[in-house]
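Heads up, the next two complexes both have chain A, just with different partners, chain B and then chain C.
On to the complex of A and B.
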């Protein structure tokens, strides 16, 4: 009887520990983000209040100021949003096309030095954005595509291609070779066989690669901060800096822009959550 | 009239090679060249003056550079290891949950969507010594302190590491969780029958199986360790008094603020080599771990 009792106690204790551990971890993950959202709805006076005000009052002032263009400094948030969208969507589309063809080459063909090519490709992704931004700035200035969408798109395509190759390679490898062979016997060309048979099967993998490429471009700062100058091409991460002055930061406004930045990323990620994880592990483990 | 045609695989890879050559390789070659000149943005003619390895000698004898370099390596080692351990812990805890697991998984992915620069701002706000959440909470709990989180050198380094770990642990947690789902049941049950303690079966069955997943996460992380630049740049800008200066912030200051491109590019090369070494190291570990559990092909 006694042993039973102590065993039960032990089990209960473990359960409590497990639960509280999870609770603490989830709080740490959630609170910073929620704090940003919360503060985007609070008046500046309250954010700055000393002693702190814990019961929040609700206001849309920051959003009104942000979208109205007026207010402190007048941040052209629509232009930033549009720039971010154009650059991210176009660079993702191009990177996916290029990366998919590369990934297909790695998954389906045998050739000499395959591993070497693959690792070499990945290493280009490892070049730190800051280190690349110095020479890229000079080269782009020479070519005259600094402060344009094209320049930024080019940079992001090059940045995203290696990772896209990695992910799509993993997915194409999952598809049995017999599938496209059968299609070719039935009279398809290789090209048709790819688009009508293999691509639909690998679609979810391609989607997850696209999300990664999109998020990378959407969130990138080190390159964008150097390659963009004006309202015509600045993206949102660079736009965040508009809320900082020499010694002060407009916290409320910044939080509002931050929320605007996270929402599209959140929606996209939730849509393809499941594939995202599968994409990462397929590419790596079975690669 | 039969022309020798390029092999198909090469044609398929060609667009990728062209883009990367144009946007990454050519600038890198240019920067390699300029790292042997005293190039200054303000005086373009300096680009044509060859000074040999002068820049490299200069940084290699510069105490500030070595301090930043050492700090970067230390920072990465600590951050990556902690992220791995925390990620493992979180994954094991979530794996044990019987309901609501999907929700938890979604929550874990949350930080992955945050832009590094946003993470920087967010924690700059939270660790603000005057109006930040942390100090406000401490004061409301009755501690009469205002800890200078971003002003004191050690605390600033802690805050930055906290931000970095907050942002990147989820990569490990998610991938290790995926590994836990894929783990075969039979060996675990056999071990239980044979009288293994939970710890033993974790140590000798679960962990070896998880290793490839851990190394995938490590490889993915090592590809963009330099994202820490965004965080540091925003939170402290390398200050106070260079206490949080990492390789990347030092480089960007030398390049853009002091306009000494040649010198900055020399530093850039050191940082590139650092990243490449990290990546190759984990790639090889990944291959080895895959071979160990027979998952090649």
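On to the complex of A and C.
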């Protein structure tokens, strides 16, 4: 067989292996999500069936029950959703404002102890959130902000700021300082130069930081389960616990609520995915 | 009237002093080029005029008004950056009109001014493109357009051509000069390229290590360099310098027993035993039959060519003179092989003498 043929076969084989590998990895990532969506539409008997039922039956029972009264296995979905929204949106907005200012400062200004601060911020990220839950619980209880939106928002802002700083710092660093200098020469104040030129250029970076911060707050469970108590402040991940009783777990109901959690996150991600693909147009400057 | 005056400008970065008392008067409509090797302080000087760097000491006045503490936007200057610094999220039209938009001019006026600038620079076709869709030369032109839209008192150029390829650089050089002839504003231009400096400037300011070494017209710097730094920086190839010792009052003894008379310009300024550098340009060392016919005192030398650089209209010949590698030129060139011995003539009255200790020119 000539060499061309053998190389061609080798290339085909590699391609096949490549795709199989990708398929396996993607399966591992996607199957749990798929499982949740599918099971939210299946009767409980089917979910628990052994051997498994391969052809699913479609039912909206879990959703009906979830939105139903307290006696029929209902949970206060709307309250949880509202709490999650308020906490996630507000904490993301604050984290972005603080994080963006911080990131800009780290990217643009020289000041004493800059590297120290930066490493400090990153180290703060290394502390597992759960480890903070007890001290936070005690402090919040003393201050009286346990079981409130404010408490959770504070905790999430603190959690998200270091990451936001790190991410936006990277984006602002990519923008040459000549851009704001040119804007200042063109008549802008420092503040105008930022909003008119640097912010629009770094918009994609800020958007990705915002998405990350939002999803972190939206999905967070460990801290929220400690810091919230009542329907007035429980977020959706904590709400999932409502489906566990002493001896049973209502998998179908849990899956239904989980789907309601996933949908807004998915929509949001789709809306901003254009920005997530970073590296907008840095063409104004020769790279 | 927009003359620019720098009086005793000093710049410190921490403990490091970047500029040591720069004094410079630039008159209205003049094209001044700051040139020098990297780290000489030319860009710092320009950025201080622009207001992008703090002034550690001294005074900068634009149009008779001291601007030391004015922000860039109040200095009525515009600047073209080395990397163009176009706003990537705006179209060419928006880039051109940005400064006027910030000045809150109305849309019709902005459009008119942008169109006018586009007309001057031939950007009409590109008005709706984003910077990323432009070539290097087009970006360069947009950057210039953005500068002229505002009708500033002074244009500042910070190495605007160094990101372009050689051909485009030559072309843009011409365009910048035409632009200056058209708008007639004061221009301060920074470059490290002596050819750009020579071709563009009304006056060249040659800087080194935070000092001004020499200020003058291109020909002044070329013909009467104040020291060996200027002599080797300006002109291509650089001036040849050969070590020598003055013997008597009118002869310079070079190595290898060679001696040349002290050039007329330096006569009476040297003393017996003084260590000097004897300098001449490649244009003054030419082989017979391929030289400019000119009158003047000359010395004949038989030299072995070691290397040739054909440039078309002339060929640069490398050869050894008194133990130093020197470069000569051959006009109407014919092929020359390394190792060939040619009879050169050195135009003695075009030669320079520099003090070996101070590097300063010795001239009457």
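We adopt the following convention: the second predicted complex is superposed on the first by the 245 of 287 C-alpha atoms of A that agree within 3 Å, B and C clash if a C-alpha of one lies under 4 Å from a C-alpha of the other, contacts with A are read in each partner's own complex, and residues count from 1 in each chain.
The definition used in the following text is that a contact is a pair of C-beta atoms (placed from the backbone, for glycine too) under 8 Å apart; a residue touches a chain by one contact, two chains touch by 3 or more.
What you are looking at is a predicted structure, and each value in this text was computed from that prediction instead of being measured.
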For A:66, decide between first (touching chain B), second (touching chain C), both and neither. neither
More residues of chain A are touched by which chain, chain B or chain C? B
With both complexes overlaid on chain A, does A:36 touch chain B (first), chain C (second), both or neither? first
Once chain A of both complexes is superposed, is A:167 in touch with chain B (first), chain C (second), both, or neither? neither
Touch check for A:152: first (chain B), second (chain C), both, or neither? neither
Identify the partner contact of A:188: answer first if only chain B is touched, second if only chain C is, both if each is, neither if none is. second
Once the shared chain is lined up, is A:96 touching chain B (first), chain C (second), both, or neither of them? neither
Looking at the overlay, what does A:210 touch: chain B (first), chain C (second), both, or neither? neither
With the two complexes superposed on chain A, say which partner A:135 touches: chain B (first), chain C (second), both, or neither. first
Chain A positions within both the chain B interface and the chain C interface are 280-281, 283-286
Mind listing the chain B positions that touch chain A in their complex? 7-10, 12-13, 15-16, 19-20, 22-28, 30-31, 34, 89-90, 93-94, 96-97, 104-118, 121-126, 130-131, 133, 136, 139-140, 166, 170, 174-175, 177-179, 182, 212-213, 215-216, 219-220, 222-227, 229-230, 248, 251-252, 255-256, 261, 264-265, 268-269, 271-272, 275-276, 278-280, 283, 286, 290, 295, 297
Inside the complex, what are the residues of chain A that reach chain B? 18, 21-22, 25-26, 28-33, 35-36, 39, 47-52, 54, 97-99, 101-102, 104-106, 108-109, 111, 117, 119, 121-136, 138-139, 154-155, 157-158, 161-163, 165, 215, 218-222, 226, 237, 240, 249, 251, 254-255, 258, 261-262, 265-266, 269-270, 273, 276-278, 280-281, 283-286
Applying the document's contact rule, which stretches of chain C touch chain A when the two form their complex? 50-52, 71-73, 77-79, 81-89, 98-99, 102-103, 130-134, 136, 139, 146, 150, 163
Tell me, which parts of chain A touch chain C in their complex? 176, 178-179, 181-189, 192, 196-197, 200-201, 203, 280-286
